[in-house]
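Below you'll find the structures, each written out as structure tokens.
Each of the next two complexes has chain A plus one more chain, namely chain B in the first and chain C in the second.
For the complex of A and B:
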């Protein structure tokens, strides 16, 4: 048997390798470094450094319903007028008798004129949304761990894990949850979590034309929320339930629930 | 050392026990999602999934890059606090592909009244009109530039901004009194209401001009003795001057 000579002599092969491999290595390393840097850029958001909350100034709310409208558009909330992540209520307090509250289509199309109303003592608008409680009843009752408080203090729903049992909808004292008609899972305000992680404001805060909605962080020294909390007599909804809501209202009287 | 004899009946029991526990362990391994419990009693991966949702509202800073002129104009105006996407709708698509996706621009009469249509529940002082009475048929834009909503002329009536008070007063015994009878308002107040304020009465004598015993007003007007009526209170501590309840 004749031993076949290799097409490339060994010496030449080694020489080529020593010349070319370092070059390829450099190119590969730059590419990888790029990927790592990109990944770092994306993961710059550190949820442990945040604790979000919202302030709502009832004196400033003009009831235009842009917040409810923007929320539906931002989060693909079903258009039917019974599904809302945020909505605006109109309170009408008469001199005598019971306070009346209405919210036709969440306030998106405006509010009908108060016809034949006599002796109105006070009337105002109250925007409502998930209160992102620090002690949330909805999280307590979830049997599968599909709803939870994230590290940045936002109450979220894991829609791939939710079984649609509706316990949380029943448990929420603020009526902030609904069952998504097509996904068949619980759905609610996320403080626009996908926007927060990108450094944007929640859609409702972004579009509020009178800055009735203020967004910020509980612990941060300089934030619009800190000013809001410093200069207003704030209250939360249903404080007696010990849910520790993180949506603070200024100008909400005892009738607001 | 002698291994103690395991009773015969325990062997099948032990096998069943091991099988049951084993199957539970396997089931748990199969059913519990990978990232469940990383941070708490939930699937940590869900946070990333929620955060990966598409943004629809780009935020006003995105508009500023190309439309700085409009932004500058708006920043000087009364609409400075109104973000672009309040009227133009979600525009993240427009930021991605400026030519393919055009944001909406409401030009008819339907949109502005969502904020500026009269509604009793709105805070007083917020400029409101009654769309049916306010230049019917004309587009709002034909007189008002939404990016710099200057008024074509200063409002002639106080009711342009204080309609809730006007509507209360108009059905009260004070219906015929002009607002300026009690509120001295410099003309600039109707142009720059936040910085030039209208005055409010400060003493009982303002009401006394009509309601005191020796006032020269028509005699049907109810009279009180300023010296003894209402003790140390000011008139409006008890009576709402825009709707005096005293004679009901």
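For the complex of A and C:
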């Protein structure tokens, strides 16, 4: 038998170790070990330790539509302007008469200028997405249980299981679901679940230039959402339907629905 | 989504495409006919309305023909029809829709097939002896080996038939009331969400079933060149009138309640009725499908006119009722999706001609039950035995 030469010579290995191990120890001391592992290794992600939710500050939203754009790119949402996991609405409240709402291409290309309209009382933008309800009607009606609440409080669709009956789309009061035109299954916002399990933020939150979207967890003191809920008067959409949404709006007008 | 064709006001972007189209209109229309025809048949059996005897078997076969086709529009509409069996294997018990397979299977297997078999058993045994060639073997197969024609066994057939009908009536109520519940329980949709929905569905089912059996009876008698049993036809028309009155009152009650309560959605719903559903709701469902048939039946049944004329009136009324009931289904299914859940805008429904959910497919599915009924009536003639003997001699 011929003894194989190690790929890294012993001396070099020991030298590297002596240089790097102290650095690792510093990191180890700075953070909790399990936190690092949780963030780095998906297999060690424990969904029971989370309950995700989102806060949206209407006052901060400038209607740039970066969130809707990022969402489409991150999640390969079909490009047509009739499929959105998240979109931005513009509300124009005149001094008299009906409130006008628009959302051209979900706000991705911005909004047309309001020209020559003098009777405007207020305008504001409202980002919309799946509310990840704690009492979701879409989950209730799914005949095969393909849509469900994950252990970490995210409403998801199992696309290998969905039969495409579209009952969930009918049951959603917020218009947050659509039928994927090629997969022929119900599709919706996942809070970028594939990112969450890696310790990353949802794409829409990541790109928001004004931090109008705050992502966090319900019931966790260290979560940014706690601060958002602490310092804002928040409301949810269509509270009378008892869906218990987990997307909280700060500064949402009564006209928002 | 202003700027897209046909849209007025604001709708959520995902609402641009209607999720449930023409096939989902056809589905409650078909199941309604099943339930209605069966309830009519059970009147004869359970409540001993002897005058309806000539249409008893016809009503049963009609119910079966339509029931066989009823799940097909649903299947054709699914994004993944090949996964539909999951509803049986892993039904989500909280879902109203998950129960469809079970309600359907129960109704088909336990109620309709059994009742028809017990009712026809004596005839099948006789045919299996009289007929020749291949049909002899078909009837032999249909006897399922039970060839005993002793008085005791015939009494047993009758008794079991009655028990099945007794189970069948609540089952028929269940079948279509349940379809109503699928819509009525969607709280997100104010046009659907109503406790009256299952009841309205049920009564409209009875209306449609009676009028369909009446139609088929009138037409088959004409085609077969047979004398109509006018007492039976009159009674059918009367029943149709009563059912129409109850159905119309319930729908009116629903309408008045909505207007009076005047909830958040009332503005957009009124807009929808006057802009999008005027023809199908006001003209087709209410005037053509309810008011005119009621007047026609009252006139024909209680006016002093010849039987020929009477039949014409009944025929016209029954046709109009079918148009009206189809419009009712349309207004529920399509109407419920024409307004935005933001209550700020209306969209349009564009029917496609070809394609899996197109007009052609719907037409095919609506024609299929009649083809099945024709074949069934050849195998199991629903005409009264005296009549059959006359034609044989």
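Going forward, the second predicted complex is superposed on the first by the 214 of 257 C-alpha atoms of A that agree within 3 Å, B and C clash if a C-alpha of one lies under 4 Å from a C-alpha of the other, contacts with A are read in each partner's own complex, and residues count from 1 in each chain.
Throughout what follows, a contact is a pair of C-beta atoms (placed from the backbone, for glycine too) under 8 Å apart; a residue touches a chain by one contact, two chains touch by 3 or more.
Just so you know, these numbers come straight off a predicted model, no measurement behind them.
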item: When chain B and chain C are modelled together on chain A, clash or fit; value: fit
item: First (chain B), second (chain C), both or neither touched by A:145; value: both
item: Which superposed partner A:54 touches (first chain B, second chain C, both, neither); value: neither
item: Which of chain B and chain C A:206 touches, first, second, both or neither; value: first
item: Partner chain in contact with A:133 - chain B first, chain C second, else both or neither; value: neither
item: Partner chain in contact with A:252 - chain B first, chain C second, else both or neither; value: neither
item: First (chain B), second (chain C), both or neither touched by A:172; value: second
item: Partner chain(s) touched by A:161 [first = chain B, second = chain C, both, neither]; value: both
item: Contacts of A:65 with chain B and chain C, given as first, second, both or neither; value: first
item: Smallest separation of CA atoms, chain C relative to chain B, angstrom; value: 5
item: Common interface residues of chain A - those touching chain B in one complex and chain C in the other; value: 145, 161
item: Touching residues (chain side chain B, partner chain A) in the complex; value: 33, 36, 39-43, 46-47, 49-57, 59-60, 79, 81-83, 85-86, 89-90, 113-115, 117, 119-123, 126
item: Chain A residues within the chain B interface of the complex; value: 45, 47, 59-66, 70, 73-75, 90-92, 110-111, 113-114, 117, 120, 123-125, 145-151, 156, 158-161, 190, 193-195, 197-198, 200-201, 203, 206-207, 209-211
item: Chain A - residues contacting chain C, complex; value: 81-84, 87, 89, 99-104, 106, 128, 137, 140-145, 161-167, 169-179, 183-185, 241, 257
item: In the complex, chain C residues that touch chain A; value: 1-4, 10-17, 19-20, 74, 77-81, 83-84, 86-87, 90-92, 94-98, 100, 182, 186-189, 336-337, 340-344
